[in-house]
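Each remark here refers to the structure printed beneath this line.
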Amino acid sequence: MTKNIHEKEFWLVLILFVLLLIFPFLLTRFYIYLLALIFVSGLAAMSLNLVLGYGGIYQFHHAVFYGVGAYGAALTITKLGHSPWIGFLVGPLLAAFLSLVMGAICVRLSKLYFGMLQISLGSLVWAIVYRWYSFTGGDDGIHGVSMPALIGSTKGSYYFALLVTGACLMTMYFIVKSPFGSTLQGIRDNPVRSEAVGVNVRLHQLVALVIAGFFAGVAGVLFVVVDNSAFPDMLFWTLSLEILIMCLLGGWLTFLGPMLGAAIMVALRTFASTFTEYWTLIQGIILMLVIIFLPEGVLGYVNAKFRQLGDVTSRGKA
Amino acid sequence: MPYSKIGDDIIVRYEGPLDSSGMVGRLRPTGLLCGMGVDKESLMEAIMKKGVITGTGVVLVWFLAASFSFGADTIKVGIIDTYTGPATAYTFDVLDGFKMAVNKVNARGGAPGKKIEFLTRDEKFKPDIGLAMAKELVLKENVDVLMGTINSATALAVSDFARKERIPFFVTFSKSDKITGEQGHRYVFQITENTLMAGRAAAFELAKKPFVKYWIAGDDYEYGHAIADGVWTQLKKLKPGVQKLGESWWKVGETDFTPYITAILAAKPDFIIVATGGSGMVNFQKAAKATGLAQKVPFYQHTAIELSTLEPQGLDAPEGVYGTANYLFYYPDTSENKAFVEEFRKTYNRYPKIGALYGYVTGVLIEKGFAKAGKVDKEKFINAVQGMLIDSPVGKLELRACDHQLMLPMFFGVTKKVSQYPFLIASDIVIILAKDYMPTCEEIKALRK
Amino acid sequence: MEFSSSICPPEILCQILVGLSRTTILFIVASGLTLILGVLRIPNIAHGSLYMIGAFIAFSVSKWFGGGTTGFWMAVALAPFAVALISLVVERGIFAHLYEREHLMLLLLTFSLALILGDLVKMVWGGEYRTVQLPGSFKGPIPLASLPIPIYNIFLIIIGPVVALGLWLLANKTKIGKISRAAAVDREMVGAVGVNVSWVFAIVFVIGCFLAGMGGALVSPIVNITLGMDHTLIIEAFLIVIIGGLGNVWGALLGALIFGLTQSLGILIWPQFGIVFPYAAVVTVLIFRPTGLLKSTW
């Protein structure tokens, strides 16, 4: 029974992937760009969910790693003059390193305290990037980052984003399904019991944080590829909350939930503004409705409907 | 028991012989209750959940469908600006000034014969959203001209995009000097003054004054530092004897300046250059009034004499504050200015602030540019509009060809209370002509290397 | 990098007094936040929005009464009640049904409320800058050893401890205060004893939001009332609550003091980076005492 369901989900994802490959030939440039943006935000949200949904860690300032990844790549290319491919490596590695440092400081705490300390530290990083204008361009940000011709165009950046995101998602899936992933979920559900069983809770959480930071950095790099810019706003706490909302909206207890949440948010944001200048209001109302009535997010709700058929582990919580 | 539902508390009293862990004792009643269906969500909940999902879906599809506009034969202008947060105090004026110009053009039948239509997008002062919206306007709505924004980071990012897409972009409020300076190019135009220009204009007048010992303070972001640098570098050039005693920088959005003011006063400078922006302008002036700063040590702020800074404070604004501004609705008292103010007041029921001038002039430029070009061709439009001379409420203005910067006159004055207005205005006004304070074409060329 | 030329006693005293007046506003807002967090366990991100609404309502009330002295006092008196009313509606309508949810959900719920309230303020009051006039007797400075201290700042310094005292009396000497403290520690037990916990929560929530509105009203004359006020304040308020200890009103006072004083004294020492000092203080406290300086209620 379980094996059949695995196959069913696998085919669904495969079909979706093929469709995404074909889309650029059917859609106008704008929608290609929009999809690429969804991949970027979605990857950031997915990386957050690694520690939030699967790890139960209150990662309140995830955007720092996303922004550092972007700045790492952008600065390597513009200020240090290296080839973009080196920039693509520097970004995530820098983000992972920062995650290691911040994680080591914060991981002693739990829940709300972890979140608040992370916000303070993250804001400190933001302040440095923001004020060091001679190096980082300050609040003007960095623009016109040059890309290799292959991935510079709208279609090119789309395919690059699609392939990189797909690879990252597959890696994340294997991580989640691995013993490491299961231990992480165990820690989330009952840290005391896990410790009693012999699991090094802090170390596990730290490793998870570094992995999440790395993937967030990748998302940041993809942003630079798609938009050729980096902005200090990418490290600000409001973006962290937005990424959190994407996880929640889509379903933080499912695997692909955050990606769906990102798609909804980006789509809403783009299309709502053609209508009204009060789209924050609409965003707030929809968010409130989802929290009240769909606490497991859209995908969580869909999965619950197929409860009899679905794979138990795809819900993340027994 | 169907009266119970999820969320209710049920107390179970004594279920039978207990085993050691009590597990059986807990599982049996749970099983019984669930079998009765108490754990299923109620009908109401189920409906609400389905409702939320379908509702969101419907809203999304509706937005998607409605956003397909079928362009008529018009000149389309896409405006990206911040209509959320403190910057809104300035940007609504830009939009209203632009609308006024456009309505006049369309009433006359358009230019040339084509009406101007515009779309607005709120970037919420976030450059990534601003850039995404610029892309949406160009790639989906196929606008002919881009316009906006008050956020310099957005302006620079959109400028880069405009260059790639070869679409003209008029910057209406962002003050970074990189826009027409080192990152300038054929497709970007700046209507508003930039920090370098403002600084040089201020230095032009300050050099004539007797102050020697200066203190520099301001909002700790790009704009603040740029204005301060602009003033100080030029002042040092014009009057080498000036000394800088020190600097103070506070976070953007700071509300309590008293500690900074007292610290500065302790150092005893002759004059303070205060580089605040946006809402910091009013906050600083309020603190200055409360501490009586202007009467102890005079200070200068760019836009200190402007209506957006002075009007909210009413008669409580501090007197004796030096400032520069590009538009004052009461000066010069020419017929063009009076007519403009009259029309603006009639349409919008308030006095026009600086943004109104920027928006209005942009509208005029777009109209005249396309009229001269003869057709809706972007390259022809750019060729037509650069170097163009237009009439405006502040006199004849030239859109300089070498850097696409509008050559605005700058007004330098001191705040003063007068009887005819419920707010302070500028007095002892000196007009500084654009050619006297703008960087020359050679300097711009050198920057763009 | 510039250090101030001389640091002698009158200037330090001046900076301390000024730092204290800043503390008052921070304390009033943070105390409301910590009450809500301590008793209801809700991290209320909308607190900043309520503060902003308080300031805007103060503006409207002051304008309605024609500004000046009457306008100011009516504004300070009425605005907090208006905000309290709004919060009552929100609490009964939305929060009352959701107390059992996880903290994360509640946090995001209050965030969505903050988004909604922010746009509602824009709809009602528009985007222009507003200000409130000070009453004549409060305008201008008092000279203190040749350095001016605005009279209004002294007024704020006096108000701070008054509010603190009021809250202490409320918490310790009134029946509702004692019940709330009990509910903060063990809500189930309080409910089992027969108290209507739901209404206790409502009252505490309303009081907390009343304080937010009061903070907004008190700050309205000295600050530019604008959209976006909520964002700048909420992070500072949260950090103060965290370093003070969740639910501890005295902790909020201590935290606000640390914040206000480190900033104003920091400016004297290192004017260019004065802003760094309060954040550095916060990080230091959190590293050494992660649960806050004083005892929290959780």
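Chains: A, B and C, in written order; residue numbering restarts at 1 for each.
Simple rule for what comes next: a contact is a pair of C-beta atoms (placed from the backbone, for glycine too) under 8 Å apart; a residue touches a chain by one contact, two chains touch by 3 or more.
The structure presented is a predicted model; accordingly, all values stated were derived computationally and were not measured.
Chemist: Chains in contact with chain B and with chain C: which ones?
Modeler: Both chain B and chain C are touched by A, going by the contact rule given at the top.
Chemist: Taking each chain's centre as the mean of its C-alpha atoms, which one lies nearest the mean of all protein C-alpha atoms here?
Modeler: Chain nearest the overall C-alpha centroid, as shown: B.
Chemist: Looking at chain pairs A-C and A-B, which one is connected by more C-beta pairs in contact?
Modeler: A-B
Chemist: Taking each chain's centre as the mean of its Cα atoms, which chain lies farthest from chain C?
Modeler: A
Chemist: Using CA atom averages as chain centres, what separation in Å is found between chain B and chain C?
Modeler: Each chain reduced to its C-alpha mean, chain B and chain C end up 29 Å apart.
Chemist: On a C-alpha centroid basis, what's the spacing between chain A and chain B, in Å?
Modeler: Each chain's C-alpha centroid was found; their separation is 30 Å.
Chemist: Could you check chain C for residues that touch two or more other chains and list them?
Modeler: 118-119, 122
Chemist: Where does chain A touch two or more other chains at once, residue-wise?
Modeler: 280
Chemist: Could you say which residues in chain B touch two or more other chains, in rising order?
Modeler: 83-84, 220
Chemist: Using the touch rule from the top, collect the residues of chain A that touch chain C in their complex.
Modeler: Residues 58, 105, 108-109, 111-113, 116-117, 119-121, 123-124, 127, 237-238, 241, 244-245, 248, 278, 280-281, 283-285, 287-288, 291-292, 295.
Chemist: Quick check on the complex: what are the chain A residues that touch chain B?
Modeler: 28-31, 33-34, 37, 130-131, 133, 138-141, 143-144, 223, 227-229, 231-234, 264, 267-275, 277, 279-280, 282, 286, 289-290, 293-294, 298, 301
Chemist: Touching chain C in the complex: which residues of chain B?
Modeler: Contacts found on chain B: 7, 83-86, 88-89, 91-92, 220, 245-251, 253, 255-256, 258-263, 265-267, 279-283, 286-287, 289-293, 296, 308, 312-314, 316.
Chemist: Can you tell me which positions in chain B touch chain A when the two form their complex?
Modeler: Those in contact with chain A are residues 45, 48-49, 51-53, 55-56, 59-60, 63-64, 66-67, 83-84, 119-122, 124, 126-129, 131-133, 135-136, 139-140, 152-153, 156-157, 159-160, 176, 178, 183, 220-223, 225.
Chemist: Going by the contact rule at the top, pick out the chain C residues touching chain A in the complex.
Modeler: 43, 94, 97-98, 101, 103-105, 108-109, 111-116, 118-120, 122-123, 231, 235, 238-239, 242, 246, 276, 279, 282-283, 286-287, 290-291
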